[in-house]
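Questions regarding the structure given below will be posed in turn.
Each chain carries a letter (A, B, C, D and E) given by its place in the written order, and its residues are counted from 1.
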Amino acid sequence: MAKIKKRHSAKAGLPPGTLVYLGEEKMQPPRITVIDYDQNTFTEKELSKVQQCFEFKDSPTVSWINIDGIHEVRLVEEIGERFGLHSLVLEDILNTAQRPKLEDFDDHIFIVLKMLTYDEENTTTQAEQVSLVLGRNFVISFQERPGDVFEQIRERIRNAKGRIRKMSSDYLAYSLIDAIVDNYYLILEKCADRIETLEEQLVTEPDEKTLHQIHKLKREFIYLRKSVWPLREVINLLQRSESGLINKSTGIYLRDVYDHTIQIIDTVETLRDMVSGMLDIYLSSISNRMNSVMKVLTIIATIFIPLSFLTGVYGMNFENMPELRLRWTYPVGFWLIIVVVVGLMLVYFRRKKWL
Amino acid sequence: MAKIKKRHSAKAGLPPGTLVYLGEEKMQPPRITVIDYDQNTFTEKELSKVQQCFEFKDSPTVSWINIDGIHEVRLVEEIGERFGLHSLVLEDILNTAQRPKLEDFDDHIFIVLKMLTYDEENTTTQAEQVSLVLGRNFVISFQERPGDVFEQIRERIRNAKGRIRKMSSDYLAYSLIDAIVDNYYLILEKCADRIETLEEQLVTEPDEKTLHQIHKLKREFIYLRKSVWPLREVINLLQRSESGLINKSTGIYLRDVYDHTIQIIDTVETLRDMVSGMLDIYLSSISNRMNSVMKVLTIIATIFIPLSFLTGVYGMNFENMPELRLRWTYPVGFWLIIVVVVGLMLVYFRRKKWL
Amino acid sequence: MAKIKKRHSAKAGLPPGTLVYLGEEKMQPPRITVIDYDQNTFTEKELSKVQQCFEFKDSPTVSWINIDGIHEVRLVEEIGERFGLHSLVLEDILNTAQRPKLEDFDDHIFIVLKMLTYDEENTTTQAEQVSLVLGRNFVISFQERPGDVFEQIRERIRNAKGRIRKMSSDYLAYSLIDAIVDNYYLILEKCADRIETLEEQLVTEPDEKTLHQIHKLKREFIYLRKSVWPLREVINLLQRSESGLINKSTGIYLRDVYDHTIQIIDTVETLRDMVSGMLDIYLSSISNRMNSVMKVLTIIATIFIPLSFLTGVYGMNFENMPELRLRWTYPVGFWLIIVVVVGLMLVYFRRKKWL
Amino acid sequence: MAKIKKRHSAKAGLPPGTLVYLGEEKMQPPRITVIDYDQNTFTEKELSKVQQCFEFKDSPTVSWINIDGIHEVRLVEEIGERFGLHSLVLEDILNTAQRPKLEDFDDHIFIVLKMLTYDEENTTTQAEQVSLVLGRNFVISFQERPGDVFEQIRERIRNAKGRIRKMSSDYLAYSLIDAIVDNYYLILEKCADRIETLEEQLVTEPDEKTLHQIHKLKREFIYLRKSVWPLREVINLLQRSESGLINKSTGIYLRDVYDHTIQIIDTVETLRDMVSGMLDIYLSSISNRMNSVMKVLTIIATIFIPLSFLTGVYGMNFENMPELRLRWTYPVGFWLIIVVVVGLMLVYFRRKKWL
Amino acid sequence: MAKIKKRHSAKAGLPPGTLVYLGEEKMQPPRITVIDYDQNTFTEKELSKVQQCFEFKDSPTVSWINIDGIHEVRLVEEIGERFGLHSLVLEDILNTAQRPKLEDFDDHIFIVLKMLTYDEENTTTQAEQVSLVLGRNFVISFQERPGDVFEQIRERIRNAKGRIRKMSSDYLAYSLIDAIVDNYYLILEKCADRIETLEEQLVTEPDEKTLHQIHKLKREFIYLRKSVWPLREVINLLQRSESGLINKSTGIYLRDVYDHTIQIIDTVETLRDMVSGMLDIYLSSISNRMNSVMKVLTIIATIFIPLSFLTGVYGMNFENMPELRLRWTYPVGFWLIIVVVVGLMLVYFRRKKWL
């Protein structure tokens, strides 16, 4: 929710295209790395100045420029100017509360995605916005902070594994998207794990903590859905891009990642259904326990209240109570009545299935 | 709800196009201001007579005529006549219960929007209808009362900040819409704040007041949705307007504000989901508390009712009760039974997880 | 519901086009009135014979023939024959359980609408079916009974107010539809009033009567929706009619009434949401009251049951109970214990927020 | 449900087009009747051999061949062969768990419908599958058992009533569909009756039987919906059939029956909504009754438990209890306290609106 | 759920097209069988080496190559290479968590389906992924493990029963799909059986086990829906395939299986509705039982608490209690009061319908 809160208030009313960083505060300086390759050559370096990356714009090799940290507005602005990005695109890059979207320009495609990572410590899902600019011979990726799910892609490029070194920039963009989408499966697995644990708790000993965990999970699914649903449209638009940047041979890979997206949406909906079902079970288990509490009370009260009345009767101080004087009324008669009454009650309760 | 109530009864049956003000009563006289500008010139003045604004109709500079207060029907009518607005358009301007809509005429575009502002004092959202008429070189904006979210746009025009002074009237109209839409974020942030507060209350001490606040929030979202959903369609229509009033270069800005609208709708739906979830939690916390109340009652009753029976037994006045005469039955036997029974009960309750 | 019940059983199995009146029994004879006008002339008369209205079919002036009471099948049949209406159209006119619909013929358009009026006495909404036949120079309107919402239109025609006298028959048809739609606002205002009253009851003293009123309102909305939803489609079809009967200048008025319909649907849905919300509040207020009842019981029982046990103990007749003989046990010790126990209990209850 | 259960297990794995009867067991032999007519001639006869009906295939008169009982697979097969029906069509005829559907062949149209009849005795709705084959000059109707809703159509043909004798086979097919659809109104009326009865029960004395009847009704609506919803599509397809079998003049009748279908769907949804509303009322009336039970218990307990404590106090056997010895404590003091306590309690309960 | 859990973690980050088996561990070696036939010839054999099946690729006869067990990645890869399958297709075959889908290539169609089988022992539904590759003269089917629902198809081919031997490979593919779809009916019948059993339990003696079975059933329907809904689209795509592999004569069979799919979806939704209804009944039966428990408690307490008060009164030790000394107060007066009070209470309870 903090996401919703901290955002736009700082920005409302500024002219469109004004660049303001709308993410969390970050102190570390941004880090720029470039991986430049074609089938035969390969260079990887970290740049200290943003100007160093401009040379890669028109080089015939595929260049992947990655920026970790977008809180230095000036840096983003310079890249934007040099690579010909619209000021609204730059605004979107800086506004980390974007929903996934794609914008198709003549000479580049702009894509916003949500990269989800699972934080084991706090058992929560962390979201980070990744903006991709796909140009003729380059891909620029903007990330909020260091650390991403692209390490294996870098490995593949370094070692010329798979077909990535033979393909052009659109395949690189696809690979990045694919890595992000693949990672959603991990999140879903974690969620499925937590659902399983919760279900066991539901059967054994549900308490208010269970309820709050169900609720927390439900809320995470709300967020997950928000990240995943628009993704479908994004990939769909990418497939049908008219910019000429997407080669036909990449089409089948995009269809594949599209299928994955559908599958993830499907799974999210299924898990959501499961969580809803758990809420029903939780509520009816509360009712059931209330029922059993009430039964205990009723059984005890129903047995002893009449008996107490009886003891009350013979505790009265009337002078003329002949029963009190008979020898066997207490040791035999009284206890016999008690036993019979209790017996009848028990039979009654058993017939009512309360015992 | 007052909105729904006070409205149309005054109007039903009148011929279409009859101009009747359907808003709240207002005593202040309307206020007309004009901002007239192009890249080089800039004029801003407040007009005392409505006729003074007619000259701006055909001037080549961009003119923004703003009317605060639409309860003087004659004023609206005169503007309508002079600027060639259809009588139904005028009717829509005066009827402040319109839903957001756009109508595309040959030489002007008519847009109705809802400007929401947050009233800190009463913690409620205030709605005001803003009607825009976008012509070739002018924008007329009708507001219900003074005070709006356009102050920063005025500043930008005055100081020639951003690109607004270089653009034509469609960009001005876009800027006004953008300002209204941006302000929705503020409303949503306030709502998110209130949800957060309510959630804390839910965990610590939910009472009926919490329920009523949840309900109030729910109702505000109903209203918010009504304001935001049609907006999407409005901006969509504006993008695809065939009037020739929308320049191609404004298109990308409209797409941007369209994206914002989608994002706001998304957030409204998310917050609504959260509020619904809170209701579930509230209801089950009531059940839980009932449960714990019942448990206390049952524990007390189940322990003491049988014991009371025992005291009842030895309070009876039978003459032949040998136990009463033994020396240690009371100080040892009786209290031993009490302790054993209580102990067994406690073990039983602990096993049932009631303690 | 009577609507659903009394209807079609009488009709099932008859050949299509068989004319049977399917409304409530009516004893009054039907009443036929004609208003005939153009820009310069105006005639209004009540006809005693149906044949008298045939002359208006081909007159160049606009003729509005209104029939109050459609239970005389023969009358409807004669009009149908003379004005060239299909037998299925006549069947639809007589069957007062139609849903709003429009049928486009070559030389006339047939429209079915629901006219709702609010019955103050019984606080219920009354529905009456109005069938319109729009021809080149005439409009025929069939109503179930006298009394309608068209009086102000008649006034306007009589007094040549507004543009109605200058326009042709399509504008008259539009005016009738507009009057019916405008009247829905009144119904909605009444509903909103009732919702407001109910909400106050909900906060102060909800009882089963409140529930039944919520339920009644809910049911009225079901009916209202059924009347309003298809209306949208009807007006949409009317706008796009290919019969050539709708002049272009009427188009904008139809768009206006279309907007009203959308707004009414919107409001109906909003009010429905509110009523649903009220049901939630009602249910949770029942739970809350149960909770408070249980708390009272539990507090009383939890305080007094242990104390009663104590009195039971000292009411026992054991011979060896040394406490009974000490001088201060009763006036000091006993009451001290009572006070301490009660005090602890009260502290406990306050800590649990039950007091 | 039996429908779902008994079916496909017998069939799974057989080659497509294998004819197996999938309905209930029937012992009566099938019955074949033919009605053959044009404007001037009319023949009606019962056939003993299936071969007798083949001659009607190419006769220029309209022939309606009706088969009651489809459990003799061979019979259906022979008709199929002779009239050129695809083996999958025959399979569909025999499989009585079909949903309503239409298949358009070059020279015939195949339609499956559900004929519902109301069984007064068991207050349940009976469904029977009717398959129609509409050819150039013939209609073949397959029914599961004798008894149908077509008797009035036969009468009309016999007596040349209405326009049926003048029309061709498509009008006959329409008439059969119309008869089936008209009959749905009867079913709905019965359901509406039952809803009304249930509603009265809900107000006066709801018990578990009411709940089970609500549930039964709900389930019937599930089935009804399944029968009616696809019908809309069927009639729609029939209207737009490209086989050339549907004359233009029949179009308006089909549109009429289409409207009826929409109206039935509408009514089914409305009644479903009502039944759902009843469930809400039932559940909250249970809660209300629980509430009133609890109140009685609480009032009794709250009044008498403190009083019993008091009697307990003065039933104790302490030697030093000076109150016991005073003359007026019992007849005056004690009873005064009792009256005062009871009085205060009653005031308290009245203030809480429990009495 | 295990399905969701074990999957993609192993895979995330690998280059697309990397073949990793994502199913359960399997130790048995895969088994390859080939059935090769045309109208006149028929061969069936089990292959020991995968290379043996390559010869069937271009043979003019229809070849059905079936692989049971896909955990040997190398095997799948070799088939893929030889039959020209895309590496993403191979990936999909190995990933057994696919949703049903169809991909249309120039010279082959790739289909993924879910084969459901009912496990009588554990009363659960088992899912197995079946991937089909339909080529010009061959069909390759990949299954997760031995055992399938195709045995009757094999019989039909062996015995030249039905038209299968006369048709080409598309008909074989259709037959396999049809067999899988037909088997869904069996699953639904089992579910319907279980629903029926549960409903009886609901009426007689619902307990928490019933709830858990309802929940289990609900969850199976979630899974069933996921398998069936995309199937509709798959068959739809197959019907409209542009590969030229689907002969026109097979079209009607596909339409038939399409209808079955719709019917199955319909039934799944109906059964889901039923299960939801059962949950409502379960919940209200819990409430009802709570109600009856409370009534018993209240009746007992309401009768005996006042009586106990009375015995308490006459158990007090006041010296001046004249009633105690009268001769008939106890045997007559006291018991009379008891009888009268109990009688009045019983009348009251009967009037309140509690007895």
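Everything that follows uses one rule, which is that contacts are C-beta pairs under 8 Å (C-beta built on N, C-alpha and C of every residue); 3 or more make two chains touch, one makes a residue touch a chain.
Note that the structure is a prediction, hence the values are computed from the model and not measured.
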Shared interface partners, meaning chains that touch subunit A and subunit D: E
Whole-Å gap between the CA centroids of subunit A and subunit E: 26
Averaged-CA centre spacing for the pair subunit E and subunit B, given as whole angstrom: 43
Of all residues in subunit E, the ones touching two or more other chains: 283, 287, 290, 294, 297, 301, 305, 308, 312, 315-317, 321
Chain-level touch network, classified as line, ring, star, complete or other: ring
List of subunit A residues in touch with subunit E within their complex: 149, 151-153, 156, 161-164, 174-175, 178-179, 182-183, 185-186, 188-189, 192-193, 195-196, 203, 252-253, 255-257, 259, 262-263, 266-267, 270-271, 273-274, 277, 280-281, 284-285, 287-288, 290-291, 294-295, 297-298, 301-302, 305-306, 308-309, 312-313, 315-322, 353-354
Touching residues on subunit E, where the partner in the complex is subunit A: 1, 4-5, 7-9, 11-18, 86, 88, 91-92, 97-99, 101, 103, 205, 208, 211-212, 215, 218-219, 222-223, 226, 279, 282-283, 286-287, 289-290, 293-294, 296-297, 300-301, 304-305, 307-308, 310-312, 314-317, 321, 323-331, 334
